[in-house]
Each structure stands twice: as structure tokens, then as C-alpha cells.
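Several structures are given next for inspection.
Look for chain A in each of the two complexes below; its partner is chain B in the first and chain C in the second.
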Partner chain A sequence: MTALLEARDVFKSFGGHEVLKGVNLKVQKGTIHALIGPNGAGKTTLLNILNGLESPSRGKVYFNGNDITNLPTEKRAKLGIARTFQLLEVFSGLTVLENVTVALYAKSPWGMFKSLTLGKLFNSQERGLEKRAEKFLEELGLIHRSKEEAQNLPAGEQKLLEIARALAIEPEILLLDEPAAGLNNRETKVLGETLKNLCEKNGITILLVEHDMDLVMKISHRITVLNFGEVLAEGTPLEIQKNPDVIKAYLGEES
Partner chain B sequence: MKRFLHNHYFHSLVLFSSILLLGFAIRDPYFTTILVFAGLNALSALGLSLLMGLAGQISLGQNGFYGLGAYISAILSLNLQIPVPLAVLMSAVLSSSLSVFLAIPALRLKGHYLAVATLGFGEIVYLLLNEWGPGGPSGFGNIPKFTMGDIALENPLSYLILVWAIFSAFFTLAQNLAQSSYGKTLQALHSSEIALRTLGVNILSLKVKIFILGSFLTSLSGALYAHFVTFLSPASFSVFYSVLLLMMVMLGGINTLWGAPVGALFITFLPETLRPFKEYDILIYGLILTASLIFLRKGIIHFLKQGIRK
Partner chain C sequence: MELFLQFFFSGLTVGAIYALIALGFNIIYNTTSILNLAQGEFVVLGGLLMWYFLEKIHLPYGVSIILTLGISGLVGLAMERLSIRPLLKTADPLLLILITIAFSILLRGILMFLFGKEPYGYPPISEGAPLIIGGAIIQRQVLWIFLFVLFTMLFLYIFFNRTIFGIAMKACAIDSLSATLLGINTSQMVMVSFILSGIFASLAGVLVTPITFVEYDKGPLLTIKGFTAAILGGLGSNWGVMAGGFLLGILESLIAGYIHSGLKDALALLLLLSMLLFKPAGLFQSSEQARLRKL
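Our next item is the complex of A and B:
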């Protein structure tokens, strides 16, 4: 079975420093796949390469079996790859609701001329947008924040907003970079439920970079452990928990 | 009723009628002429406000488009005998099409780099007008006045109506744009280009389009200027004009399109009110501008709104 998203033998170096050294990763359709590893293991770099914000020094990226290595980020988004960021990238100056309507608009834009002539009042396409955006905010529990400016939300809620915004482009796969950072225990639990729901009910595949091991172990189908730019182990949560190499890498034991 | 009074179509109409009322009430050709210049500046500044305020893309090369708009329209009507309204339109379209050649390389740059690249463009146009423009540095005259069919817009008052009608129309369209999802996308460009790309937006194309729209408005303003003054020389199109527009947009208020007309009226009338100070007028002009930028950092509009709330 071909994987939905695949990194094949990916290398990446920044000025002589090798961050990724031949990483292979296969994310199967309909699963929650976690990518874990100590800081500096290259997780975010791998996400960036998967959605085209950076290009690999060597190696390929495949989506649904097609080579997308040279496709720019915006075209990958159109194919169905969405993502959120470790360092927040909400649209400040726009309200929470507008953050999502921008994404809905990006999915099916009608262009500058129509916007100039019809504006918001006389364009029937604008009307449905807010209602649809509210649905995504409801799903992430942010509906009570709709009218607030995005940058005024606490960091945790901004992360949720990024997820709502990413969902609005109706992606096949969601790449999440540390979505639980900044959330308290209760919020993390809710997030876990939400992600599980997205996967099971909406059929969205999720690739998750996360440090919260409770969350990772609870919701993931498969886990890949990255260490110093190499895949250290891959398997089910149970297999990963028992893997001696992983334990060593995380606890920093001398061999 | 409230909904009617609170939308921008009505506001543009109020602005347009107030200016006309002012022009007809005072009926002084000199005052009217200044109001015409204020309208032309407002149109140019609107282009910059869309670019800078809404989309966060700085341009210090608007003088280039103002100059191209003016020269192309003047030459089309003077040498090719094209009717003035058509020449104005053709010139604005042509000049803003040229902006694509600047936009595609320049808009890959950001912030200071973009400012310097556009500055360079304005300077190149200024030099070209000096070298190749009719009359060189001393310019040329006899540019036809604006005529529509049999009606010649000879006196300043009729030109006042034309300029402010065109401004108000584009002001309304610009506000349509700002309120639409397209406008929100431009605002988003301001805060996170990366996030926009991950949503599937081609940001270069977005930037190029708003750049063309902005330079269209400034070029149109330049063309209208040419047929009002009927004499052009490169001196009017130096980088100083871009700086002036920048000040209008900043002083009026960069976060609202209203900053353009308010800033343009303020900056255009300021030197006129300082005439009684004779040789000290430039000094006082500079002091007032500096003071306004310090004390009205968020712009006149913001200041007025706060005043109303209190």
C-alpha cells in the first residue's frame, strides 16, 4: 500500500551542519502518526521539507505516490497538505473568525475584481463564509472568541486557532508542530479527543510533532523517533515504549 | 437607516459632497486649485495606502508612476491627438502594466530592501524623464485640457468635480476591497506570509496584483495632473513626491484608507496656511510635520476617533 505522505532518504544540511541524515518516513492514510525526539533532532525541519517551506539537500517527498519534492508550499496546500506552526503564525490584526474565513477564501478564491466591485455587502459568496468558519471554531472550542483579535488570545488558544484555520482548507493530511505546547492538562486532553475525532470521523490523517508523551502515546497509531537527524525507531506506541534505544536516547544513558 | 448611515458608500458620498460644497461656497479659484491638488494627492495616496497600509508592502517609487502617468497621457494627447479622457485611461493602464516589471523582481524582497528597490525605480523614471522626456529638464507645455465631448473642463471648479468624483469612486471600490475576504487576505500578508502559503495562497501573485492596483491609482492621478496644469517638467516627479505621499498616508493614519484623503488634505493645505510666515514657512512646515509624527503617531483619524469617544 502506498503511503499518503512519504519522505524517502531525505538529507538536509544548513551550512555544513547536517540536520537530517537520510530520513525515511511513511505516513499511512487515516492514521495519527507521531514524530518524536529530543530537541534539535530535526523534527520541524522534516515538517518544513514535507510541506515545501524548505527543500531537501537530497531525497524525495511523495504524496499519494506522486513526487512532490519540487512543488511549492502553496501548491502542496492545494493538494491537501495543511500545517500549523511551533512558533505561532496566526494573522494578527484579524479577528479569530477572520483568520478562518481567510483560509476558506484561499480554498476557493474569486479574485480581486469581484472584491473591488461587489465588496462584502453585495457578494453572495461572502455571505456563507462566516457561518462555515464558525463551524470550525466550534469544533476547536473557540467560538466564544470569534470577535477577538487573534493575537490577544493566549498561546494555547492560538495553537487551536491554527488548527481550525488549517482544517478550513479541507486537507487530507494535517501536519501539527507541537500543538499541545502552552495548553494545560485539561486542554491537552480535549485536544487529544479533538484530534482523534478528526481522524476517525472526518478521515483526516495527522502527522504530529509533540513533546507531551502522554498525549502521543494515547492517540497515535504509529510513532517515529528521530534522533540527531536519523530515524532511531518506528512502531506502535507499545513497541516504542519498550525500545531500549529510545529509552537510552531519552534518558541520555551512557552505553 | 442606521445601516445605511454606517456604510462606506454613504461615507464616500458625504466626503464628495462636502468637498464640492466647500469649493462652491468659497468660490475662490486659488482655493479651488489647491483642493484639486489635494484630490490628486488623495488619489495617489490611496494607491500607496492600499499597498502599505493594507498589504504591508512599502513603495518609495510612487513618484515614478505619477511621472509615467503624467508624461504618457500628455504625449498621447499632444502628439497622437488621442482624446484626453481616453489618453488618461490608456496612460494609467500602460503605466501600471509597466509596474509588473518592477513588481515581480522587487516583491521578492521585503521591508528595507523593497523600499530601496522601489526608490531606485522612481529615481530611474526621474532620470529618464530628464534625459528623454520632451524638453528635457525644462519640460514642455501646451498639453490639451480635459474635454468630454463638447464640454471643456476649463475652470478649476469643473476639474474639482472631476478629480474628487474619480477619487470618491475609487475610494469606494478600495473600501469594498478592504472589507472583502480578498482585503483580509492582504492584511494577513502583512502578518504572516508563511501561514498564507500553507493555506494555498500564491503570495507573489497577490503582491503583484495589489502593486498594480496601487500604481494604477497613482498613475491615473499623474495623468489627471498633466491635463490640469498643462505643463510638465521632471521636477514635479522627483523622489520628494513619494516622500510626500508617505507622509500623507502615515499622518492620515496607516491603518485606515481614510488616512489617504485626510492626510492629503492636511499636507496639501498646510503650506498654504503658512504663507503669512513668509520666509519662515518651510521651517514651521517642518516643525509641524515632525510634531505631528511624534504626537499623532497612529494618525489623524485615530486621534479624531479617540477625541469622539471621550
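Our next item is the complex of A and C:
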């Protein structure tokens, strides 16, 4: 069975410093796959290579079995690879609803002139977009915030908005870079449930980089551990928790 | 009081022109982080094209305006496609700004070649005796200028708040990386910003030429004035830079009227320098707000 998203033998170096040393990663369709590892293990770099923000020094990236190594980011977005970042990246100044509507428009733009002549007032297409955007907001429990400016939401809801926006491009896979960073316990719990729901109900595959081990162990189907640019271990949460190499990498050599 | 009103109204008139130029600066700055220092040339282009259509081939006023704005938009488009787009992703912003200066020299050369060095003018939109408000004499063209600027503001408001395309453009300005990741065509947004700013600057030329006349080399000073207005109001917000335009116009006119007309241009430069030194975010916004681009 071909993986949905695959990194094959990926190397990446920045000015002589090798960040990734031949990483292989297969994300199966319909799973939540976590990528964990100590700081500087190359997790974010790997995500960047998977969605095209950086290109690998060597190695290939495959999506649904097709080589996408040389495809630019926006083309990958259109294929169905969505991405969120470690830092909050909502469009501040736009309302919550507009944040999602813009993403929907990007999927099927109809040009400036139509937009200009018709606008929101007369254009049923544009109203249709809003309806669909509202659906995504409802799904993530943000509908009561839709008229507020995005930057005024608390961190947890901004994260959910970012995910709602990423969902609007109808992705097959979501790449999430530390979604729980900066969230409190309650917000993290909501996030975990949301991600689980997305995977089980909507069939969206999720690859997440995360430091919050409770969250990772609770929602992931598979975990890959990265250490100094190499895959240290891969398996189910239970296997990873028992793996002596992983324990050593996390707790230090002495233990 | 009458004198003050007189200066005030003529300040508003010049200010409206500066506001339109500053607007072009801001729209391009927001989508690309560069300054288009050919803005002034677009004002001249507007005035000269308008003269050509109106006085040389005698088209009706409305048709001339539409043709002039259309052609200016196309020149903006050509500028973006030929000189900005190929380099936008790789080149340093400073290099791109230098390219816009090169483009302004080129455009100025072409205009001189086509129209020569003499000043051009044409009749105002509607003829008739000037109006008198509170003792101040106001030419009818001034009212037209205000009308067009109001119309431009209305357009901006609707475009950036009520149309999805405008909102997408705002999204690109706020965070072009996230916008790209969502699949928004950022290059198209840059193109539209050049077309829009070409049209606004050209509209300024169309409106002001009946009052001040236009010749091929008026561009650079207008660029500086528009830039000063943009800095004064604070690059980042359309409303801010337009307010900056009006403010600069009024200050200039008061200084010229009450002190000495020779100080007019010096004032703009002095304001520009002191704003850049002491409050680069502009009068109406904090530096945090300046980082948050709004359109």
C-alpha cells in the first residue's frame, strides 16, 4: 500500500551542517501520525520539505505515489497538502469569517472583475463561499466568533481558526507544527478532540510535530521519533513509550 | 478669516492630489514591501494623456478620462510585468526600489520625447464662475476633485471590505506566506496593486492639470510630496496616508500663504526628514500598528 505522503531518503544541510541525514517517513492515509524528537532534531525542516517551503539537498517527496519534490508550495496546497505553523499565523485585521472565506476563494478564484462588479452584496457565489466558511467554523466550534477580528481571539481559538482555514482548502493531509504550543490544558484538550474528530469523521490525515507527550500519546496512531536528523524509532504510541533508544534520547545517556 | 479659508481650501485641493499619490505608494508597499518611486510620473502621464485625448483628438471629457485611466493602468501593469515581477521573489527590496527609479527616468524620457518640454493644460470639467464660500473663492474644478477623491475612498472601502478579491489582497499584505500556503495567487495581487496605484496617480494628474498645468518633468517633486504624505500619515493604512496627504497640502498652503511661498517645498522635505527620524510609523499609528499592514 502506498503511503499518502512519503519522504524517501531525505538529506538537508544548511551551510555544511547536516540537519537531516537520510530520513524516511511514510504517512498512511487516514491516520494521525506524530513526529517527535528533541529540539534541533530536524522536525520543522522535514515539514518544510514536505510542503515545499524548502527543497531537500538529496532525496524525494511523494504524495499519493507521485513525485512532488520539485513542486512549489502553492501547487502542493492545491493538491491537498495544508500546513499550519508553530507561531500563530491568522490574518489579523480580518474577521474570523473572512479568514476562512479567503482560503475558500483561493481554491476557486473567479477573478477581480467579477468580484468588483458584483461584490458581496449581489454575488450569490460570494455568499455561497460565506455559507461554506460558516460550516467550517461550526465544525471547529468557532461560529460564535465569526464577526470578531481574528487577532482578538485567545490563543487556543486562533489555533483552531488556523486549522479551520487550512481545512477550507479541502486538504487530504494537514501538517501541523506544534499546534499545542502556547495553549493551556483545557485548550490543548479541545485541540486534541478536534484533531481526532477530523481524522475519524472527515477522513483527514494528520501529520503533527508536537512536544506535548500527553497529547501525542492520546491521539496518534503512529509515532516517528527523530533524533539529530535521523529516524530513531517508529511505531505505535505503546511501542515508542517502551523503546529504550527513545527513553535514552529523551532522558540523556546516563539513565 | 477669509484669507485663512482661502489658504485652507487651496491646501485641501493640493492635499487631495497628494492623497491620491500617497495611496498608490501605500497599496504597492502593502503587497510588495517596496516603494514605487515612479508614482509622480504617473501623475504627469495622466495629465498629458488627458490633454492628448481632449485637446488633440477632441474626444468627450468622460471618454478621455476613462481612456487615460485605462492606459495608465496598463502602463502600471507593464511596469510590474517587465521590471518587478521577474525579480520580486529573489531580489533585495532596495534593488527593486532602484528599478522603480530607473522606470521613472525611462517614463519621463518617453513623455518628453512624445510631448516635448512645454507645459500643457486643458479646461476644467465644468466651466462657470467660481463659488464663494465664507469669502473664499473656490474654483469649480476643486469641487470635482473632492468628488472624485470621495468616490475613490468609497471604492477603496468597498473593494477592501466588501469584495472577496480585496479581502484576499489584504490577506496577502498581512501575511503573504500564509496566503501562498492557502493557494492565493500572490503574484496576481502584486500586479493588481500596480494597476490600481497607476490609476490613482493618473487620476490625480487628470484632476489637477486644469488648475496647475503639467509638464514632463513635474514627476519627481510630486513623488517626494506623495511619499512625504505617506510617511506623515504612516505607511500601512490607506486612510492614514490619505489623511497625511490632506495634512501636508494644508500645511504647505498655510506656510506659503502666511510666511513665504518659497518655503513650500522645503516644508515637505523637512517634515519627511523629521518624521523618518522621530516617528517613522507616522502620526496616526503606533509602531506596532505599522507592522500590521491593513490596506
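Everything that follows uses one rule, which is that the second predicted complex is superposed on the first by the 253 of 255 C-alpha atoms of A that agree within 3 Å, B and C clash if a C-alpha of one lies under 4 Å from a C-alpha of the other, contacts with A are read in each partner's own complex, and residues count from 1 in each chain.
The rule is short, and it goes like this: contacts are C-beta pairs under 8 Å (C-beta built on N, C-alpha and C of every residue); 3 or more make two chains touch, one makes a residue touch a chain.
Keep in mind the model is a prediction, meaning the values are calculated, not measured.
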With chain A superposed, do chain B and chain C clash or fit? clash
Based on the superposed arrangement, let me know which partner A:Ile143 touches: chain B (first), chain C (second), both, or neither? neither
Please work out whether A:Glu74 is in contact with chain B alone, chain C alone, both, or neither, and reply first, second, both or neither. both
Tell me which partner A:Arg165 touches in the superposition: chain B (first), chain C (second), both or neither. both
Have a look at where A:Phe91 lands relative to chain B and chain C in the superposition and call it first, second, both or neither. both
Where on chain A do the contacts with chain B and the contacts with chain C coincide? 51, 73-74, 77-78, 82-83, 85, 89, 91-94, 98-99, 101-103, 105-107, 109, 111-112, 115-116, 119-121, 126, 129, 165-166, 168-169
Partner chain A, residues of chain C touching it in the complex: 158-159, 162-168, 170-171, 174-175, 177-185, 192, 292-294
For the complex, give me every residue of chain A touching chain C. 51, 73-74, 77-78, 82-83, 85, 89, 91-94, 98-99, 101-103, 105-107, 109, 111-112, 115-116, 119-121, 126, 129, 165-166, 168-169
Residue set of chain A touching chain B in the complex reads 51, 53, 72-75, 77-78, 82-83, 85, 89-94, 98-99, 101-107, 109-112, 115-121, 123, 126, 129, 162, 165-166, 168-169
Which residues of chain B touch chain A in the complex? 7, 173-177, 179-185, 187-188, 190-192, 194-203, 209-210, 213
